[in-house]
Each structure stands twice: as C-alpha cells, then as structure tokens.
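Every chain is named by a letter (A, B, C, D, E and F) in the order it is written, and numbering of its residues begins at 1.
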C-alpha cells in the first residue's frame, strides 16, 4: 500500500481536522515524502530515540505514534529534533502522529480503551476541549469497590512498575466513572461538576489531591504511558485488517 | 503585630511585583480584612479544606501558603471556593499566598531549600519565566553518584510514601545540578541546553522520560509537595524572628 | 425551596450562557454554598454595603441583584470585596447576580420595563453587543412631544432627586424610540444609524451632547439606577409566583 | 506662523509620543495639509459641528481641541464624520487635537487647572494609565469642609447649569485631594487605595456611589466639559505668547 | 439616482459583510455625505491623486474603485490622505470602494474576469481567506501550451509595458488553472496542494520562484493592476444598466 | 573548524537575538547536528532545491543563506520541506540562515551593500521594524540624475534579466537615498516621511506606484534576489578570513 493511502485511511477514521484548533500536535504525516511504499508499520506511544531505533531495526517503513515530534511547529531541525528526524530520513521511515483525536475517538481512542477495560456502559463523550472531547464517561455494569477498581487498573495497565496511585476520597461504591487518559488532571474539575464517583487519568498534578479530597471523589492515576497504549494498538489492528505487516514497540516510561 | 504589617514585611522580602506578569497567582493577602491583629500564624504548602481546618483548630489568625485560592481571579465564591473561603471568613483567619516569588527566591525559596539540602555551591538563578527565574543551579561540593543523590532526596523529602522517581540516563558523576521545584518539567529542556548532569524537580510529565533519555541527563522527581515545603518553612522562621507564634500544618499529598 | 432550584429557575428564564462572551459579570450564583434553604429573597439593583446590610436585617436567605460583585473574577477577597462578601458568608446570605441578560430580556428586562412605561408598540430587540442585544426599540402609540416624554420619565423614574437630563436636538414629534438602560451612551450611534427620534438611556458621557446635536436626535438620560430597577422587580414578581417571601431594597444613587 | 511650526511647538510641549500606547486619540494634527499659514487660532474643548462652525465664522485657520475626531482611526469619511470634516476642508481650517497628554500635563493640563483652582500644594502625578498619568494629587493649604469644596467648584466651573454632584461619604475635613478630569470614574479605586479624603472628576458612573459610600471618601463630579476647559485655555495662552490671534469657543454641554 | 441607492445596489450585489472579518478595506461608501444626486460615475482600479483628478475633470459625482483610501481606518486626514480626500470633498465627489468581495465574486470579480479571458470551464471558488474565497479555479477547454498561455495573457492584459512574467517549471500541457488576482503570491502554496498545472496572479514575491520550481508548477505574473481591471469594469456595466452615465479612468501602474 | 564554532562566530557578529521578536525566520543553525566538522561552506541567497543540490555537488559541509526553511516553525517535515531537508540530512550538509539581522547590519548587511554600490555617505540606520532597523540611509557624494541611478543599479545588480523598474516621480537631483532591500515596499511611507529623494528596494507592490507619484519621490525596484546578494557574500568573506574553503551558489530568480 502506498504511503499517502495509509495516511488518508487513518485521517478519514480519525478526523484530525475537527481537533485542529485545540491540538498543538500536527496530526497526520509528520515526517516523510509525498510517495513511497509501506509494507511494515511499527506502532509506539511516543516518537523518540528508543522507539525510532526499534522501528528501524524491525525494518518498518512507517512509524505510527500518539505523541509525535511537531508540537506547534519544529523551530529548528537541530539538537534532539535532529537526532530524532535524521534516522527517519536516513532509513526512509515515515512518521505518522495522532494526538487528541486518538484520545477522544469513541471507538479507537485511548479513553475508549480504558472504558472497555472497566466494561463501562451507557457511554458518552467527556472532557471538553473547545468544541471536541478527549475522554469518555460511563456506568459500571456492577458497582466497583474503590480497591477493586485500583487492583483492576494495576493488573491491566503497563505502568512500568510504578503502579496506580489512588486518592480514596470518594464514595465506597463506584458506578459513574469519567476517563481522560494521559495528562488529564485539568479535567478533574469537570468530572466533579458532572458528579461522577471516580475519575481515571494518567498523570497527576499537585492540585489534584486537595481537589479530590474537598470534593469527595475517587481519583486513579494510571500513568501517562500506561493509559495511552490503547489508541495506537487499535490503529495497529486496522493496519492488520488492511493486510499490512505490523509490530508494536513497547516502551513503558514509568510516567 | 497587625495584619497589614505582617503582609508588608513579607511583600518587601519577596517582591511579588516582579513576578506579576508571569504568575497567575494573586500573590500577597488573598482573603482578609484591611485590619486585624495577628498573634498566631499557621503555615502550609496548600490552601485547602484540610489545611484551613487545621489552622482554625490551632487558633491561627493568619494562614501563609505557597498555593493559594486565587489563580487569575475567583470567578464565583461558590462550590469548592465557597467551602474554602467561608471558614476563613467565619473564623477571622486571613490567607496570605506567595507562589513563584517563593519558588525562585535566592535565599527563602523552595529551590534554594533543595539546593541547601544538596549543599550546592556557586549557585546562580535558573529556570527563566519571562524576566524572572524560579529555580537554582549549582555545583556539588563533591560529585554524587546518581543512586546516592536519589537516596539523599528520598530520605530528606516528605514524599508521602511515594518515594523519589529517578531516570538514570545521565553521567555517573553528578556535579552540575539544576533545580526547579513543583511542576518544573517544562524546564528540563533549559537544563539540557545548560548542560547539567542532573535536573531535580517535583512532578513529572509524560515527555520527561524520553527527553532525559535522548539527551543523556539524570532526572529526579521528588514530588510537588515534598519539594515545596522549604519556602513556607523559611517564612515561618521569619515570623518567629518577628516574635509571632507559629505552627506548621504538614499535609503531604503523595504528588 | 432550595437554593440550587431558585438559581436554576432564574437561569432558565434568563439564558445567561448566551451572554457569556460579552458580559464581564459572572452571571448566576456569585456567592453561596452548593445547598441551602431559601425562604426570603431580597432584591436590589446593586450589591454593596448598604443593600447587603438591609438584606441581612430583613432576614433574607438570598439577595438577587443586577450588579453583582464579580466582574471578570474577584482577584482577592480583600478591601471592599471582603467587606461585602464577609457579611454574606457570616449571615448565610447567598448572592445571585444577573447583568446583561436582565438588560436585554424581551419580557423581564430593564429596557422592556422602560418600554412598558412609554407604552411602546411593535417592539424589537435593539442595542447589539456581539451576538446578543441589551435594549428595546418601539413606536409610541401616539407621538410624544419631547417635553412630554421628559416629564413622563421624570415622574416615573426613581432618580434620587437628580431629575432627567434632556438633549432637545431631535424632531418635535417622537414616535420611534430606542432604549438601552444604564450605561448605554455607546449605543447612541446605533440609534442614530437606525434613524430613531429619541434615545433613552441611564448615564451620559461627554460625547453624547455633540453626537445628539449633530445628528439631530432627542436624548433622555434617566439615570443608571433609575432605569435599571425594572429587571430586578420583574424577578421579584417571579419569586412571589413561586411562593417565596420577597422584599425590595430601594437605594437610589443619583447616578 | 506656518502650520507645521505651530503643531511642532505644541507637540514639543505636550510629548504625545509618551501617551501613544494608551490613548485612542490620534494626538497632533488630525485634519489639514502639509503646509499653510496660521494667523488666527480657535480653541474649544470638543471638535463638533457647533464648534467647527464657530471657528469658521471667526475666520480661524486652526482649531485646537481636547477631543478631536480620530479615535483609533476614522473608518469612513461619511455620516457625522463627513459633516465635521467637510467644513474643515472647505474652509481651510486645520484641526489639532490633544487628549490624554493635555489631561495629565503637570503644568498645562486639565487636572493641573483644577488643582490650581483648589490651590493644592505638594502636588504629584496621579491616575496611572500604562506608564503615564492623567491626573494630579495634592494637599489643601487649609482643610476644606466638604460643602465648601462643592461650593467652590460649583462657582468656578462652567457646568452648563447642571451643578456639581457631591457624594458626601468622606471625612469632614478634606486635605488630601486627587483629581482626574473628564471621565475619570475608573480611577476612584486608585484614589481610595491612595487614601485621599476627596476625589474630583468630571463624569460619574453608576458604580461610583457605592464605591464612595463603602470606602468612605468624598466624590465630586464637576462635569466632563467643565473640568476640561483648563487645558485648551492654557494652549491658548501659549499661542498668544507666540503672537498669534486667538479666540475661545465656549460651548458647555451639561455633561 | 441618489447616492445611497447606488451604494445599496452595489452592496447588495457584492455582500461586503461576508468579507468584513478578513478585509482591511472599509468596503462601501468611504468618503461622502448621507445624501446627494449621482448622474455620472467614474471607475478606476485605484483611488489616488491621478484618478481622483481625472474623475473630477470628467464631472463625476461618484468614483468607484477596487483599492480605496481606508485600510483599517484613516488615522489622520493629513499628508497624502488629505491630498486625496480634500479634492473629493471640495468637488462633491463621493468615493465607493470594494476590495476582496470584488476579487472573489463568482460573476463580477477580478478572478472571474481572468477566468473568462482563459475561457475556463467547470469553475469553482479558489483561494480561501478565512471563511471566504478571492479566486477562481477551472479547466481549459483545450490544454494550453505554457507559451501560448503567456502570450494570451500578455496580449489581453493592460500591463503598462511590463509584460507577463512566466516561471516555466510546470507541465507542458496546462489544463487545470487557479487564479488569484493582484497580490496573490501567498496562495501559490494552496494551488500547489490542489495540484493545478498553472497559477495566475498579479504580483510576485521573492519566494515564488523556488516554490514553483521545487513543486513543478507554471506561474504567470500578469501585474497587480492588469489583473484587477475586470471587477470595476463589471461594476461599470451594472451602472450603465441602471441608466447612469459612466467613464473609466485607465491608469496602468506597471506593477 | 567545528560546526558550533562557525555558528557562534556568525551569531556574535550578527546579534540575531535583537531581531527575535520581529523576525519570523529562525535565525542561526536551522538544520544540523550538535557537532561536526566544517571544511567547505557554500553561500546562497535562498535555501531551496536548486541551491541545496549545488551545495551538495560542491561537497559543502555547511550552507549559509539569507532565506532559510523555518519561518515560524516547520509544521511538518513533508512535501517541499521534506524534499529540501532530506538531502541536507542525507549529505551531512548543515544549514545556517540569517534573515533580518543580515538585512540591517551596518557593515555586513544587504542594505549596506547597496549603499556601498551607490557610495552613499553620512549613513544612518533606516527602516524601523519594532526596535531594530533593516535598511540604510545616506547622501550621494554627488547628486545622481534619476536615469543615472537607474543605469548604475541595472549594471551592477544581478536581476536575472528583468532589469530595474524606476518610478520617475521625484526630484531631478537625487542626493538623499533610503534603501531597504528585498520586500521593502512597506517602508516607502517612512522614506516619504523622512523626505528622501529616492527609495531603493527589491520588490514592488501595487500601491507603490501611486504612493510615489502622489508624494513626488523616485522609487527604484532592483529585484528581491538582486538586492540581497550582498549580505551572504559578506559572510563568505568572513569565512575565508577564518580559513575555510567557500563557494557561492548564484541562482538569480528574476524576482
């Protein structure tokens, strides 16, 4: 399959245009020529030295990531940016990145992946950023005890040994859950206003503790990396459906 | 001592005016009347339900914090804001907050406190934000081994049981160290450009791992709370010098 | 009736969300807890020391005003803001404010109240601010002589003894009238472009005299306070319909 | 004297460049050719139909005003702008305007004129707008009783019959006085913070009454026109010193 | 026909309101009174000394142009602006300007005029600026050879002797053509992305050469003036249909 | 010489930091690694396919240009950007760009080069952009006749056959000359205000003709490329002084 076709197919499924005003990430093809053949696609959460090297070693023609290299434009192709872009160019490895659209997608998104894990029902979009959303909200089939939910997340997420941090300030029965993966701490306030029993995100921020405590809500921090492997894995499944060879570069960060 | 005098003395030492353009926090007196007597002063890192309640219980007239309640203005005195402001008003407890000026102060600041802990020498301001700085940089009297530095931080910081996270990607001998306390991850890039051996901050962010790895620098995450107790404790020392009764409200958050 | 219910009912009638982008006022509940019982509601044009004291004396649980305390956020709860907010908190008196939506409402609004007084017909919204309007325009059932209109306004408005100021530069028969209450001088230009015979507002501004003179239009300045009692009185009527006890705190300012 | 020379002389005395960032008025020559002879100069507070007609009748070559015609640019030379600019062009009457620099000038300014009237001593600049000031502050040689000050202003200012409005909420002895002429109501807050006994300005605004009442300060509203005749009269004196014929177009507005 | 009627008719056809957010030009009547009779209308591309003088000499009551005098407001009616506005006022010559709406109009526009010249078919709007467009795109009835297209443009456009500049980097058969008249160089990138064979505009810019060369596209620069005579001529035709006397002031600039 | 040293030396001479707020160009090293050896340096006005290919062919390690590849950040390394960056990476050719600082430099700059050509004396900076300047102004040793000046420019500038365009609207003796190279048409107005006899720039713009005609000033358009070869040639001289091998890639554009 040629490179523009792969990109177009992903673009069509993920509608990056709707997120263009709110996402600093230049979503879509970030590094690569106008044409080229794609046989093997590598997938990773982050585009960085380790994952690019792995993709090169595995002979990939395209690396698909959640966190790319262009955030509001690459000012200069120097320093770390040079070190990451040069091997892409030298090894004819194109880079495709998809940030917020892959967080919020109802079906393929990172938050949808966490919601699947928790088997949430009656789902709806959550976590507004401008006119779009980057999370999911739903109800547990049966209420979770807070510890039970923490244990489930800890056993299923790839936290790099850091575990799941739980602020146990909410109700003892968790039915209504909101999820914003990655760095979602700023949406805790919306989750509180929405009256959920628990908020699941990746990274914390200092203010989260007292917000959760004063509002009486459970907060689970599963890690930025660990909560954001779902989206790229869903894109990997698509690539396999299209008949491409794929490989997943797992590189948990402990963050 | 009357309330305006206490505020003036702190304001004079900390020069919040120089940080006014870059700090969302309304630094200085945040809640309180134009006059009043101060006998007992409570100190805490965060102004929130738990710390305000403790200050009330200990009979304080003034609560001095690093993280206050007004960040770009209080839109409405409702919800969590009401729950935090109402006890202040009802118990005649004034609130004084000092954010970035207390991070960056050469002598009283949070970063200076960490630098003291590491006995850094030849110190200079680090971590620019607009025309001011919020961190410190210095040289170890004798080089640290990375593990040694991690152990030192872990034993001295009040991390609420979460420990210190260490990304061991830098040189084996750490001499040159940059410190930005709290949420300082965005200054890792400046630390890399400055060529330090190690960067110490409070909270991480997903991107820190690969930045540190690709640049070859040690990063230590000591926790937002744990790295920011130094400033308010220094203000407590001042209050004692002025003859006021003081009390420290310790409430580690694990973040 | 509980406090959130009262607020919701007013919010539903007045649609503050439509004015959110153009109104500096934080419309809705401005000071108060998440729950509480409301038996007695006080109404006033302005939230200030005099009106808050009166509402406290009359045992009100809620004070509803046109001009509240939060205009683009309360930077600090100190000085005059402390002096106004503290008695609200101490006496469990909530504060609900509604600014532009209560100027422009077709039925309950201040401009509608003036239009009622003048018995204007064929009314339509007037006075654009962004996508919404804050005034009314209509035709007199029978043309007014300019003096007659001045006398009518002077006898019906609560001008605090300052009277109505009339710039008698327009036609001798007034049929077409535009109204923007309060500080509406900036809309005189729109009124001129619309070709009205008279413009009624509250406060003047230096430039109004020559604008009116050069354009040949009657201008009547009835006072900021005096032209803006209609909206809160209409909200008082609603509260009575809902079975609440009410009281109106009259405090004309002469402005 | 030729037109560019007159303009240059005024520009040199008034330094409009220092106010360029904060003044919407295009200060300096607003309408007129690059050259021309000036024999007679007319002076008025406002550039409008009445004052332009009077200047034409009196055979002036130049009209000098405080309030000109260009506020952030003239979008179109149509409507009222055409009606004001056309007679200037047709009668070879140039227009020179000087707004904020003529409010704040220590010597020639409107506020200085009011301060002279009150014989204030120990004067200093007051009323910051960006990096400059538009008012004056000083101490009465002997304290005024509030009524006495009101009477003095009323007898000396050209209020067009509207009188001086006095909010009698301050101390009974007035020593410390701040002055911002014209539409200075927004600086009442600074006057309160500065701890003056009285604030003198031209126009009010609805919020002034309660601000003055709650803060306990005297406020005197002398009228926009009436408090702003001093500056242009001082420029008239300069023109006479330069040997030009002058005429003052008095047109009080009652605002 | 009276002046407001002429303006209204043009406004209705050209919908300047849709371009208001993106066009610095104050489109519509730019200089003139609220009423007046129009018998003779002059048309020109630019409002400037030469064209205004010609219109005066020909006894016009109204001058209709593509490039007017108000671009984001006239700061002062002095210097060149005075020299251009004064004769308009003195000779009762009104000025009507229409910028981007007359570039992009499907039927009357400048780009449509060039497309007519090239007999392009299957036309569609091209050249987005915010929510509107200022150009046209279409297919040649029969493919042009590049030289043939250059010759056609050169023979039909009024280039003031400067000729048409052709960057011959595209395909040898030109079918798909995009047109943005005047200063359209910034839309070359959109034309490249759209995959056209040739881009026709007025003025170049330094970067155009290498953009065209690296992308492999033909670029034709016909001159700012020469590509923008079509719109005002179309407005002249309308005026004749309305029974007005008309005259075209031709003044090519060589740019 | 190693790459960082070459870059530092140029940076020191050209002070790009002073232009950072007004120059969209990312001045300095734009593409390249943190280290590397430089033996041969190529120089060109523009970084584009043709000049990069030539530099590669000539075995250069570094290409120094006036117009680089990053203007406000490279959004994606795709399309034309990929085609230009890929050969740089693949052939270990670093790219150093210097835009406005090389226009305005008193000694090395493009405008200084044109001023040298015209042997202007009593030179001073001209052409303000924010706090810096990008042009030069000076007096001819002996007055030029306009034709003489045109002929001189035409014979010395590398216009790619397009010649120099002269608007002959100014005085017959040219003494006072202002120069802004490249796209300097927007500074014609400043040149008129400064009262020069002639303005020399690279590219025109439609409005230049009538501005020059109405103001009575000579304007010479020498071409964007042709007026901007001086700066990079001056940098080439520096490199030779440092003992590096150099080569100039001449590629006139006709613009």
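The definition used in the following text is that a residue touches a chain if its C-beta (ideal position, glycine included) is under 8 Å from a C-beta of that chain, and two chains touch if they have at least 3 such contacts.
Listed by chain with UniProt protein names: A, B, C, D, E, F = Nif3-like dinuclear metal center hexameric protein.
All of these numbers come straight from a predicted model, not from anything done at the bench.
Engineer: Shared touching chains for subunit B and subunit E?
Structural biologist: Touching subunit B as well as subunit E, we find no chain at all.
Engineer: Select the chain at the greatest separation from subunit E, using centres from the mean of Cα atoms.
Structural biologist: B
Engineer: Since subunit E and subunit F are copies that touch, is their contact same (over half of the numbers shared) or different (under half)?
Structural biologist: Result for this pair: same.
Engineer: Taking each chain's centre as the mean position of its Cα atoms, how many Å separate subunit B from subunit C?
Structural biologist: 45
Engineer: In angstrom, rounded to a whole number, how far apart do the mean CA points of subunit A and subunit B lie?
Structural biologist: The computed centroid separation for subunit A versus subunit B comes out at 31 Å.
Engineer: So what's the Cα centroid distance for subunit A and subunit C, whole Å?
Structural biologist: Using C-alpha averages as centres, the distance is 49 Å.
Engineer: For subunit A, write out the residues touching at least two other chains, lowest number first.
Structural biologist: In subunit A, the residues touching two or more other chains are 83.
Engineer: Chains as vertices, touching pairs as edges: which of line, ring, star, complete or other describes this one?
Structural biologist: Graph shape here is a ring: one loop, exactly two partners per chain.
Engineer: Can you list every chain round the ring, opening with subunit A and moving on to subunit B?
Structural biologist: A, B, C, D, E, F
Engineer: In the complex of these two chains, what residues of subunit C are touching subunit B?
Structural biologist: Residues of subunit C touching subunit B: 26, 28-34, 70, 72-79, 82-83, 85-86, 89-90.
Engineer: What part of subunit D is in contact with subunit C in the complex they form?
Structural biologist: Of all residues in subunit D, those touching subunit C are 46, 48-50, 67, 79-80, 83-84, 162, 165, 182-183, 192, 202-211, 213-215, 224-225, 228, 253-255.
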